[in-house]
Every structure is written in C-alpha cells, then in structure tokens.
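Let me begin by handing over the structure; questions about it come next.
Read from first to last, the chains carry the letters A, B, C and D; within each, the first residue is number 1.
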Amino acid sequence: MNSYYGQIINLLAAGLLLLSFAMLGQRRILSLINLFMAQGAVLCASTAIVAFVTGQNHLYWSALITLLLKVLLLPAILHRLIRRLNIKWDVETLINIPTTMLIGIVLVIFSFNLALPISELAGTVTRSTLGIAMAAVLLAFLMMITRSKAVPQVIGFLSMENGLFFAATSATYGMPMVVELGIALDVLVGMVILGVFFFQIRERFDSLDIRHLEQLKED
Amino acid sequence: MEFFLVLGIPLLGGIVLALIGHTRRAAEYNALFSLLTLIAAINLTVHIVNHGPQLLFQDQFFLDPLNVFLVALTALVGFTTSLFSRPYMRIEHHHGRLTVGRLRLYHSMFQMFMFTMLLALTTNNMGILWVAMEAATLTTVLLVSLYRTTASLEAAWKYFILCGVGIAQALFGTILLYFAAEKVLGHEGGALLWTHLNAVKGTLEPTVMSLAFVFLLVGYGTKVGLVPLHNWLPDAHAEGPTPVSAVLSGLLLNVALYAVVRCKVLADGALHSNLAGVLMMGFGLLSVVVAAFFLSRQKDIKRMFAYSSIEHMGIVTFAFGMGGPLASFGGLLHMTVHSLTKSAIFFAVGHATQKSGTQLMEQIRGLIKISPTVGWGLMLGTLAILGMPPFGVFASEFLILTTAMKQQPWATPFLLMALGVAFASIFGKVQPMVFGESTLPKLPHKPAMLPVFVHLALVLMLGLWIPPYLAEWYRQAAKFIG
Amino acid sequence: MPLSIHELLSIDWLIALVVAWLVIGLAGLLAPRNLSFVGKTLYPLGALVGLAVALVAFHALGETAEIAVLPMGLPDLPFHLRLDSLSAIFLLLLGAAAAGISIYASGYLRKGEGTAPGLQSLQYHIFLASMALVLLADDAYAFMVAWESMALSSFFLVTSDHRKPDIRRAGYLYLLIAHIGAISILLSFGVLQSSAGLGATQGAADYTFSHMRATGHDAFWASAAFGLALLGFGAKAGLLPLHVWLPEAHPAAPSPVSAMMSGVMLKTAIYGVLRVSFDLLHHPLWWWGVAVLALGLASALFGAVFSAVQSDMKRLLAYSSIENIGLLFVGIGLALTFQSFGMLTLAALALTAMLYHCLNHAAFKSLLFLCTGSVLHATRERSLGKLGGLIHPMPWVAWLALLGVIASAGLPPLNGFVSEWLLLQAFLFTPNLPHSYINMLIPVAAAAVALTAALAGYVMVKFFAIVFLGQAREESISQHAHDAGWLERAGLVWLAALCVLLGLFPVFVIEKLDFVTRTLLGAGVYETAGDAAHTQNWLLLAPISADRASYEPLVFLLMITAVVAATFFIVRRFWHGRLRRSAAWDCGFPLQTARMQDTAEGFSQPLRQVFEPFYRLTRDLPTSFDKAPLYRVVVEDHFWYWLYLPVARASEFGARMVAFLQQGRISIYLLYSFLTLVVLLFLVRG
Amino acid sequence: MNSILLQFLELVLALALAPVLTGWVNQCRAWLQNRSAPPLLQPYYQIVKLFEKDVVLAHHASSLFRSAPYFIFAAMALAATIVPTLSTDLPFGPAADAIALVGIFALARVFIALAGMDIGTAFGTLGARREMLVGFLAEPALLMVFFTASLISHSTSLATIVETLAHRELVIYPSMAFAGVAFTMVSLAENARVPVDNPTTHLELTMIHEAMILEYSGRHLALIEWAAALKMYAYSCLGLALFFPWGIPEGAKFASLAIGLPSLLIKLAIGGFLLALIETLSAKMRIFRAPEFLGTAFMLAVLGMLVHLLLETGK
C-alpha cells in the first residue's frame, strides 16, 4: 500500500522536476506564472498524499496553505501585477536556453548524487524525493541567475521556495506547524513587499529590467 | 515574565508606532520603547545571571550565556540608535528627504526589526530562528529603500533577492537538520529544538549533517556578509538611512553569525571532525582579505565602513572556526566591541554626512573644525575599529591573533596583510576628513553625540577591564562553542 | 623570595608616578586653551615627575626584580608589571630625558600652534605614561596596550599642526608603519605564549612574560618569534627598510615631541628587542646576531649618508637618528653573536656599549632637537638654506648645541665617544669566534662603523656650521631671532649636562649598566675590569684590562683645559691681546652678500658625489640662457621606490582585482552564491 | 716622579721640535727642488712674528672663531703627548688609547672646520667642506691601521702596541705592510700635503687647509700654524712608533734617554726627508680624486686587517 503511494509521490516529484525544467526553458512571463501555479498544485497534491499516508494531520494544513498561497494567491497577485505594470512580453535570458538546460541536467545529476547516501538512510516512503527537492532548488537558483527581469527572478525565487517546501513535506513529513506557519507568513509578507517594490522600481525606471539596477558597484 | 517583556515591548512598539509613527513625538516614543526594551533586557540578564540558563514556554525559548549577552547588547544598541535617530531623522525630514508616512514606516519597522532580532536570539527552535532571520530581512528591506532614490531602490532590491535566496538555502539546511534529527528525536519530540539537538548531537547522521551545515553556512553566511556572499551588504549599508546602517552592521550581522555558531556547535558534535571549523576559517579569512582590499578604493564613507564590517565579521568567523576557549572568547568579545564601535562610527558618520550633504569622503574635510565632537568621535571610533588599544577591539584581536599564531600559523600572514591594508585604507581616508581645514560653517544643530561617546567609553572599558560577570558569560559561552 | 616592604616601594612609586603623569595630562582638559596654566604649571609638574621617575629607577638598578599586578586588563590576565634592571635603566633614561624636555616644553609652548595646549599636554603626558608602562609591562597584553597607546599618543602629537597636508601625511605614514609593526610584535608574542596548541588547556595567564621565559621553543619557532619581534620593533626604531616614516614624522612634530620620539621612544623599541631576544628567548642562534648586525650596519651607513645631504635641519637629525639606531643594533647583533657562542663577557661588553649609547643618544639627540625648536621659534625656518649666523643672536642655544654636536659626532671627551669607543673595543675582541666567516666579516663591520662615525662628524659640522655660523642667508632670519627663554634654557642645560657627565664618568655609568648585563647575560664587564678600576683609580675606563685598552676622559679634559688656559695666559702675558675689526677677505670682489655663502646642498655636494649610488637623485640644471636660472636637486630614498611603491601598487592591484567581485549585476552575485554552494557541497561530499 | 717628568719633557720636546720638523721638511724640499733653503728655524720666526702682530678680525666673527685656535692647539699638544716617543710608560698613556687619539684628531678637525665656516665667506666654507671630505675617509682609515696593530698586540693602548711590536722577533707582518702604506697615505692627506693638498699654495681653488684659516691672523694664526706643525710631528712619531718602534725606551728611566732621544731625532730626520721626497715626486691631484685616494687607503687598511686574520692568526 505504502509503496503504491510512494510511487505516486515519486511521480509527483518527477512532475515537480519537470516543471522546474519547463520554467527554466520558458521565455514568456505568463506561461511562467502558469507553470509556477502548476508546480504549486503538484506540491499541494504531494503534501496531501503524504499527509494521508503518514497520518500527520498538520500536513493537511500545510497542503491547504500551499493551495491558498501558491496556487491561488501568489499567481493571482502576479497576474495582477503584470497586468498593472503591463509587462507581458518575452523574457530575455542571459544565457541561451539550450545551454541553461544542459547545465540544469548536470545539476540534477549532481544533486541526485549528493542525495543518494542520504536517501538510503531515509525511513520514509519517499526516499528519492530529497534529491529531487534539491535539484528543484538548484534549478530555481539557476533560473534566477539567468533571468534579467525582475518578475521572472521573483518567480524563480518562489519556485525555489516550492522546492524547499517539497523537501520539508515529502522528505521529512513536514516541519513543526509553528515553523510552517512562520515560513508561510514570511513568504506572504515577502510577496507583498515585492509587489511594493515592483511599483517603486517601475516608478523610478519605467521598466522592470533589472539591468537598470546595476549602478551600485566598484569601479 | 522578564523574558516576555523583552519580546513583547518591541512587538507592541512596532504595532503602536505603525499607528502613531507619523506624529510629532514619534521619535520620542521610539526611544521610549527602546529604553523599555533595554530595561527589560537588563532585567532579564540579571535574572539569568542569578538563576542560570533557562528554558521557557515548552522549551521553545532558551536563554544561555551565549545569547543573553547578545540580547543585552542588541537592546543597548537599539536604544542608543533610537536616541541617535531622533535628531537625525528629524533633520532628514526637514531637508525634505523623508515624508511623514515614511517616518511612520521607519519607526514601526525599527521596532519590528528589534523584535525579530530578539526573537532570533532567544528562540530555541531552529525553524523559528529561520523565520525570525527572514523576518529581519523583510523589516529592513523597506528601511533600506526608505529614501526611494534610484540607488536605494537598487540596494534594497539586491538586499532582498540575495538575502532571500541565501536564507532559502538556510531553510533547506534546516530541513536537512530536521531530517537528521527526526531519526533520533522522533517526529514531535522537538526535533528542531536546539537544546534537544545539542543533547543528542553525537548521534546525528554525519552525512546529512555535513550537507545541512553547508546549506546553513551559505544561508546564514549570506546575512553575515561572508565573502563571496557579501555583495548585498555594502549597497544596503550605504544607501539606507544611517540609523539603519548602524543596526544592520551592529546587530543583524551579529545575529546571523550567532545562528551560524549555533549550527556549528551541532555540526561539530555530529561530524566528529573539524569540517565546520575549517569551512568557517576559510570563509573568515577570505572575507578579511577581500574586504580589506575593497576598502582602499572606496569613495563613499558608509560603503567603506560596510566593507569594514565584512572584514570584522570575517575575523569573528575565523575565530569561531578556530575554536578553543581563547579564540571563542576573543570572537565573542569581538562581536560585542565591533557592534558597539561600528554603530558609534555610523552615528558619527551620520552627523558628518548630514552636515556635508554628501557621503563622498573627498568632500568631507576638517570635521574637527566644524564640530570637534563629531570629529573626535569619528576619529576615535575609527582608531578603535582599526584595533588600536586601549580600545576593546584590540583586546579581541589580540586574543584571536595570538591564538591563530599558535593554532593556525599559516593564516597569520594573510591576517597581517589584511589588517595592514585595512589600516592603510581606512585611516588614510578618515584622517583628512577629520583633520585639516574646512570651509563649511559650524554645525547649526547640536549633534546627538552621547550615544557615540557612550559606546566608545564602553569599548574603551572593555579594552582595559572586562567586568567579571561579563567575562564569566564569555567564558561559558566560549566553552559552549568549543 | 619574599619581598619586603622596602623592596616593593620602587615599583609602587613608579606606578604612582605614571598615574601622576596621567592626572597631569587630564588636568589639561580643565582649561585646554589656558596657555599659562598648561605651560607654567602642568609641564613643570610633568618634569618633576620625570625627575622622580629617574630617581626611583636609579634606585631600583641592581635591586631584585619587583612585580606588581594592576586590577585591569583581560580576565585572567590583569596587567602584570615588573621592574628589573633592564626596565630600570630605560626608565632612568625616560625620566631624565622627560625632565629636560618637559621643562623645555613649558617654555616652548606658544599660542595658536595647532592643537589646543591642554589637549596637547594630555597627549604628551599620555605619551610619557605609556612609554613608562611599556618599560614596566610584564605580560603581552599590557605591553601591547602600552605600546600602541604610545604610538597613538605620539601620532596625535606629530599631527598637532594638522592643517598642513604634509604633516598629516607624515603622521599617517608613521601610524601605519607603527601599526603593522605592532601586529608583528603581537604575532611574535603569539609564538612565545606558552600554550601548547590546539586541545591543550589554555588560559590567558599564558601571556605573562614569566611564562614565556619558562617555555622552551624549537629553533624554527624561536627564530620566527625573533624575526617577527625584530620586524615589529625595527619598524618602531626606524631600522632599514622600515625607516621611511622617521624622517617624515620627526620634522613634522613640534620640537619637544621630536626630541621625545627620537631620544626616548626609539629606545623603547631597543628595549623591546632586548627583552625578547635576551630575556624571553634567552638562547640566541648565531645567525640572529649576524642578521641584526648586518641590518644595523646598513641602517647606520644609510642614516649617515642620507643625513649628510639633507637641507632641512630636523630631517637631518632624523636621519642621524636612523644612523644611531643602526649603531645600537650593531651592538645588539654583536652581543647576540657572542652570547650564542657562549662568550658572555664579550657579549656583556657589546651590550654595555649599546646601552651606553642608548643613554647618550637620548641625551644628545634630545638636546639637538630642542635646539632646532628654539631656532624654529626664533626664525620660523627649518630650511638650512636660509639659516645661518645664529650664534650671534642666540649664543646660549648655539653653545649648548655645540656640546650636542660634539657628543653626537662621537668626539672626546663627551659621551658619544665613550660608547663608540666601547663598541669598537667589542669589535676588536672578536677574532676569537669559532666561526671563520663571521671572523672575517667582523673587521669589515668595524670599518663600516668607523666610517659611519666619521660621517657623523661631517654631518654634525654641517648642521652646526650652517645653522649657527656664518651669516644669516636670509635677511629676515636675523631680524627676529632671539635667544631661548630661561625655561627653555634650563631644559637645554639639563640635557647638555647629561651629555657632559655621561662623557666624563664612564666608570660610574658602566658600574650601573653592569646590573643590566648581569640580569640579561649573567656576566658584566665592571667586575672583570674591577681590579683595574678599583686599585688604580676610578676614573680609568678599562673594560677588559688596562693593558688592552683604557680611556680617562676626566684626565683628558683636564689636560685640554690646562693647555688652553696655559696657552691663553702665556700668549697674553708675553705678547698682547690686541684686536682689530675689519671686513672679511672678499678676494677682491666687493659685492659679496650673505647669500653667496656655501649652502647646505653645497656643503654636502662632495658626499653626494662619493655616495651617488645610494641616492635617487633628480637634478634640474639651468642653462646659461635661462632668464631666472633655477638649480634644483632632489635626493630621494631608493627604498621608497624599491619597496614601498611596489607594495602600494600591489595592494592597489589587489583592490582592482577584488573590485571585479562587485560589478553590480545581481545575476553574477547570485552566481557567486550558487557556485559557493555547489563547490562546498562538492567538497563536503568528495 | 720620573715618569711625570718624562711626560713633561715629552710635551716640551714636542712643542719645541714640531716647528723644527716643519722647517726641516721645507729645507729638504727646497734642496730636492734645487732651491736655496730657508733656515731650519724659519717656522719659529714666523710664529713669533705672528704673535707680535695685531689680530685682524672679521666683523661677524663669533666667539667660537676666537676660541677655536686654543682648542686646536691644546688638542694637538695632547695628541703629541700621548704618542710614546721617549718612553712607553707615560702617566698620560692610559688616558687615551689609539682610538681616543683618532678622536682627538677628529676633535681638532671639527673645530678648525667650524672656525673656517664661522665668517661665512666662500673660501672658509669651501675649505671646511674639503677638510671634512678628507677627514671622513682618513679617520676610519687611520682607525683601521690602529686596529691592525691592535690585533697583533691584542691591545689598543699605544704603549702596549709599541712594546709588543718592538719586541717581536723579526717576523714579517704582511698586514703591517698594508697598514704602513695606508698610514702613509692618510698622513699625507691629514697634514695637508701633496698630493691631496699643497701647504704652499694660495690659489683658492685648490686650497684645503689654507682656505679654512684664511681669515686668521696674528696670535690665532700663530697657534694654528703651531698646531699644524704639532700635528705633523704627532703623525710622524706615530708612524715611527707603529712601524719603526725600535729605540723607544721602555719604562721611565732618564738613562734611556741617551738612546731614545738620538734615535728619535734620526728617525724624524729620515722621515722628514722621505716626506719631502714624496712631495717632490708627486703632483697634486684634483680634489675629486682625493676620495679615491683616501678610499684606497681605507681599503688597504681594511685589507691589512683581513690579511692579519687570514695569514697570521693561524699560527
């Protein structure tokens, strides 16, 4: 029974990774937001399943928070933002996409290797998820590095949060509730602040291209 | 009770000032709340001194020699900063750089920041520690961009993204830590409580712990400003209002380093090797050397002292990485004196830049003529931060360097070089600012120099005489860190 | 050994006197702008305290070492103080010099010169107190605190007149080199501290000198400690190649401060070297001695050669200080070499010569710097190119300066000659060394010392003759010139008297110095020369035996005085004392002016030619068609270009390199974090 | 008592003989140059004449200028007393050894140079500068010569040196040969002789000694001339003591004067003749060759010491 659910979770994990890759390769902002939403949904599903399998009730709450925050609220905010700021055009990347993908594959291999000895220790059904979570985090990191606009960068940041959350729920069956609430609160507040920022930046620079934000440096 | 006041007052202050922070007396309220926090913190400290380490609220909070002195220090610097910011922000307001609304934001966020710092220090839960650190970033990010100038927005953006990403790594580290602890402590057995972890650290899985420590180090290290994770730091310090620079440099870095040290204690216990120490020494040394070289090309005074903070954090990290009672003692002392001195310097710098209307050092000249107190405050603060006795920074550097000579002699040439370069750069720039002729008229308003000289007096005292109970804390904390 | 109350008195007195200095300094803050209060009350009080320090220290010479612990410092490491003969002799030097310099300073203070007088008095007295503490400190922390306080207070004194960019720059260079030296000393103490390394129980108490003394070190670490100490103390003393701050800082400072720095502060560095190499390490390797000897010789020659070509009177004296420091290090090097070969008596001879020279240099260099102070006040001019003929308006200063010049040039019967004589004697005994290379090197070194001494004569003639003799090279100089006031004179006379007394009673001085060499080496020269000294007469200086070498300055002086008196009497008695005044011989060219006198540059021109490779010369020669012909010669230090500028460039290069880390692009910053993470993960798992 | 008398006698002898020695050298030189010679006592006549004349002092001469001749004279008298000529057991012997002797010469040099610069004319300064140039190389060279002798005799006391050297078996000390050449060169330079200086010239551009004392007249000049003669006498005796010590009586016995005095006179006469010979045979060199000349002397003296250490200590 457990192995069956385990397989589902692994499947979802694979989906998460796939979505990460998709985000890495995606040029359009709107699609990025949608992919992010999908990632949130996968996360929510996997959390719920883990909660079901392990009987950890607080994980249902986590799933709920995920649903609310990452599937509904944040994408909504983002959609609203890009409407308000009128930025729907394509995202330019700093490194071309095939190269990024290649680096991404290397990263996945690297994180799987890292996680391998740990996964073997895991008593949970979801032994391989830690590697996937790590890969997701690193891929999101890579995405942040390669994007030159503010919104995709933020989406990358949130996607990283997803990877972390996935690690927390599936690999360890969730952190203590207080912590999860705190994390959720931080993410929320962070988003609000980001929103404020976007407007401020937009107001100042007439653009959300972060290449404008390269004045402070050593010369 | 003593404890909850310490957390409650700033939280309450944050909320109250969010409502009335725009009124004419807001700055006084801000100072009042800070004063109350300080009193509560002193009260708590006395309590802990008398009764020993304590676990509170179902073990969720923990007070031991390591954090209680940081609590006291944080409350003190918070209070003096609020004193300094009272005239400072008022003048900024008069100059039209700030609106009333932003003053409200400032006052409220200042208190919230104090709250997050104190929370991060006192919590026993590694998860809450993370939450508090993240919250500290969030509260200050809007303060950094308070002026809404191009540069301050850029700085705040970088601060937000870099620290956010960094702290995300720390979260991953925390998850890994939990992953390792869960095996030993069970799911609900407080597997994230530091005291519990500390008790069983020897049995934690080394493989996981090593990975966890790397993530935690990179994560919290970003907030400490360790090279090469430091890039947000100079921007944020230089572009934010000066009181914010003072608390960032004097408090936030300390608290982040505190988090790293907590993690190091666990990693040391689990790994049975000096891996954590070696990593910290490496980061510390790299920070010291690179920051020292950064110093020489600075034009902006606050930016320069921001790099100096990186350098000093590097020294402390190096000391903690080296370990041993003397080095750890030196590290703790250095944390204390650095935050006192650096915030004092920022206070003096604040007045100087406000007067000159620029942060460019080339345009600030002959401060000693414009205002002898500001001039001497900046001069003495600079000398103190450069490790000139009889100031306390020297005492800690003395302990750290001599211990390094004994334990890690390979590192000493780098330290010697870095300290030399740092001295040449900082002193070479500050000297003509303080001395020499000036064409500027005398300061029209009286600068709030009391905080500066109180800090410097404390630093001076620590160089010549460390009160026995303080020394005892340090010693116990140092034993703890190992 | 139980210490009786009587024995404890000296160090307690000294602590009280140091505190008194501090209190006097702080009192200056009460009325920082009140010149007469600061000048006529505080400084004379400071001088009295200095005198008391000298007396107490004199009393403590040869007594059992006394210790005291102050309730301050680091936890487990309160300030340990200790007074032994080595400390005492340097305290004696400090006190005696401070007495003269303070009383001079009380007359020297003027309105409106830089820092407010009260503040300056605070800095000055902290300077004195910290020097005393350096000499008394018995643990690394107390030593370093005092050491850096000394540097800091003297830095503020140097930059008293901080409005001039040159002075600021000099102060900056001074403090920078002092600080780097201090870190180096600190690291040396780090090596010396007795804790056994990681894992061993550590306590701050390991930093006391007594623990360091008791700890053995292997050759490598002992050499490391010695090297670091030499670097650190050498930087303070102005040893090559860390000397560049000295000729900048000494001229920049007010003259009493220059006198203090040159006369006393440099000696604290010598004290430090002695303390570390003879007391804390106490088993020197032979090559330490040779290295110190070589560095000392290089500094001595360098200082002499450069002081010869200076055209600023205080710079000239500053370079002369480098020369004398070099000679002191030669003495230390010889002593170390002898000690490493177990020749303790000879080591004691070299050390005695060195210590004697410390006292002498303190006396005559302070005297000369104070004289330049008076000249400066009288004329507002430091450039030798404009001075001249000052013996007429200021005879007191001139004649006292002449004493200093004769002492400084190492001429009998004043004090400079005695120490030079002892040093040369030490050289003459070297051929017994078991190491043939050193044996061969020693005569060459002796030749270099002799050459240095002769050059010192050249320099001193130049200094005195250009400043005081001839005619004023600028009209304005002679108009305002006036002799020093009585307080200034008192200070000068005190120091000049020290020069004379140290020169005339060497046996007495050596008897006292013997306590020091006995403390450090367990051997002395007084006892071996004892028979000669006691049975024949106590005027006869004969360090080894009267057959080998001897010198009687008093007889010497009496002889000269007698001949001078007799000649004068006979000439007047048998002939006459008639005298006519007329114009000087103008070689048939009646339009001569005072500006046609030989200049300072002209006087040193032959040396500039002889030692050309030593200098970095830039010369602008006018052509015959120039409307306003201008001759300019700039003499610079090669070390500046060989060592300092490359270091500065390297650090600039480093700064440019690290600046690439901060290019403003957030992606790149993220990449750093990312790479750091990946690399660390790789390392940890690898 | 004897020794004190002897000491006094030595001083008187030095004062008396010094001008004669100068006269003798001048005579020899005149003969060698085929000129008719001035009387032997000509220097005396000059000194006495100068004593009788008024002093003509420049307007801005200082007290230093007036007192310097006395100091210089006293220093030279002292030097001449210390060098053992008639006996090695002199009461003033221990007062100053070889190093102190160099010190005395240096003291006199410093005073004369200062006096030369006191008036502030170009010549005085020029002379003083050149004198110091000569001195700073000659002084260490002289010291090194003494060191070689001291290394042989294990003493810097002049009396001991003379006794040791006089008592040696006829061992050839190669080091002393080097030292001898160096000493000769130094003596020429120090006594203002050709090839470094020319005692008879009054051409300003080439003068050293004469330029310094250009402003002196009357009794001051007399004392300086006398001091110069004393200096030459002291140097000659020194050379004799170091390199031809035979005949200098040991101990303070008047009886030994019977040998000591004649041998001294004979040696001085020969020495004076040789000096005149050297002066006649050589030409004065440019002033900037002087450092080279003296540098050579210095090097030779140092070589002498090294040779001593290399060849002679092994035995």
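Operating definition for what follows: a residue touches a chain if its C-beta (ideal position, glycine included) is under 8 Å from a C-beta of that chain, and two chains touch if they have at least 3 such contacts.
Small disclaimer: the values here were computed from a predicted structure and weren't measured.
In summary, the chains found to touch both chain A and chain B are C. Counting C-beta pairs in contact, the chain pair with the largest number is C-D. The greatest centre-to-centre distance from chain A, using averaged C-alpha positions, is reached by D.
Note: centroid distance chain A to chain D, computed from Cα atoms, is 100 Å. One inter-chain figure worth recording: chain A and chain C are separated by 69 Å, centre to centre, where each centre is the mean of the chain's CA atoms. With centres defined as mean CA coordinates, chain D is found 36 Å away from chain C.
Between chain B and chain C the centroid-to-centroid distance comes to 43 Å (mean Cα coordinates, whole Å). Residue positions 114, 141, 144, 153, 210, 213-216, 218 of chain A each touch two or more of the other chains. Multi-chain contact residues of chain C (touching two or more other chains) are listed as 658-659, 661-662, 666, 670, 673, 677, 681, 685. Multi-chain contact residues of chain D, defined as those touching 2 or more other chains: none present.
Contact annotation for chain pairs lists A-B, A-C, B-C, C-D, with touch applied as defined. Looking at the complex, you find that chain C touches chain D at residues 388-389, 391-392, 395, 398, 402, 405-406, 409-412, 417, 421, 424-425, 427-428, 431, 439-440, 443-444, 446-447, 450-451, 453-455, 457-458, 460-462, 464-466, 469-471, 540, 542, 546-552, 555-556, 559-561, 563-564, 567-568, 571, 574-576, 578-587, 592, 594, 596-598, 602-603, 605-607, 609-610. Those residues of chain B that touch chain C in the shared complex are 157-158, 161-162, 165-166, 169, 210-211, 213-215, 217-218, 222, 227-229, 231-232, 234, 275, 279, 290, 293-297, 323-326, 368, 383, 386-390, 394-395, 398-399, 401-407, 409, 412, 416, 419-421, 423-424, 427-428, 431-432, 435-437, 463-466, 468, 471, 474-475.
The touching residues of chain A, when paired with chain C in their complex, are 94, 110, 113-114, 138, 141-142, 144-148, 153, 210-211, 213-219. On the chain B side of its complex with chain A, the touching residues are 60, 125, 127-128, 130-131, 134-135, 138, 141-142, 145, 148, 150-151, 153-158, 160-161, 164-165, 168-169, 171-172, 174-176, 178-179, 182-183, 187-188, 191-192, 205, 207-208, 211, 234-235, 238-239, 294, 297.
By the touch criterion stated above, chain A contacts chain B in their complex at residues 56, 114, 117-118, 121-123, 130, 134, 137, 141, 144, 150, 153, 157, 160-161, 164, 167-168, 171-173, 175-176, 178-179, 182-183, 185-186, 189-190, 193-194, 196-197, 200-201, 204-205, 210, 212-216, 218.
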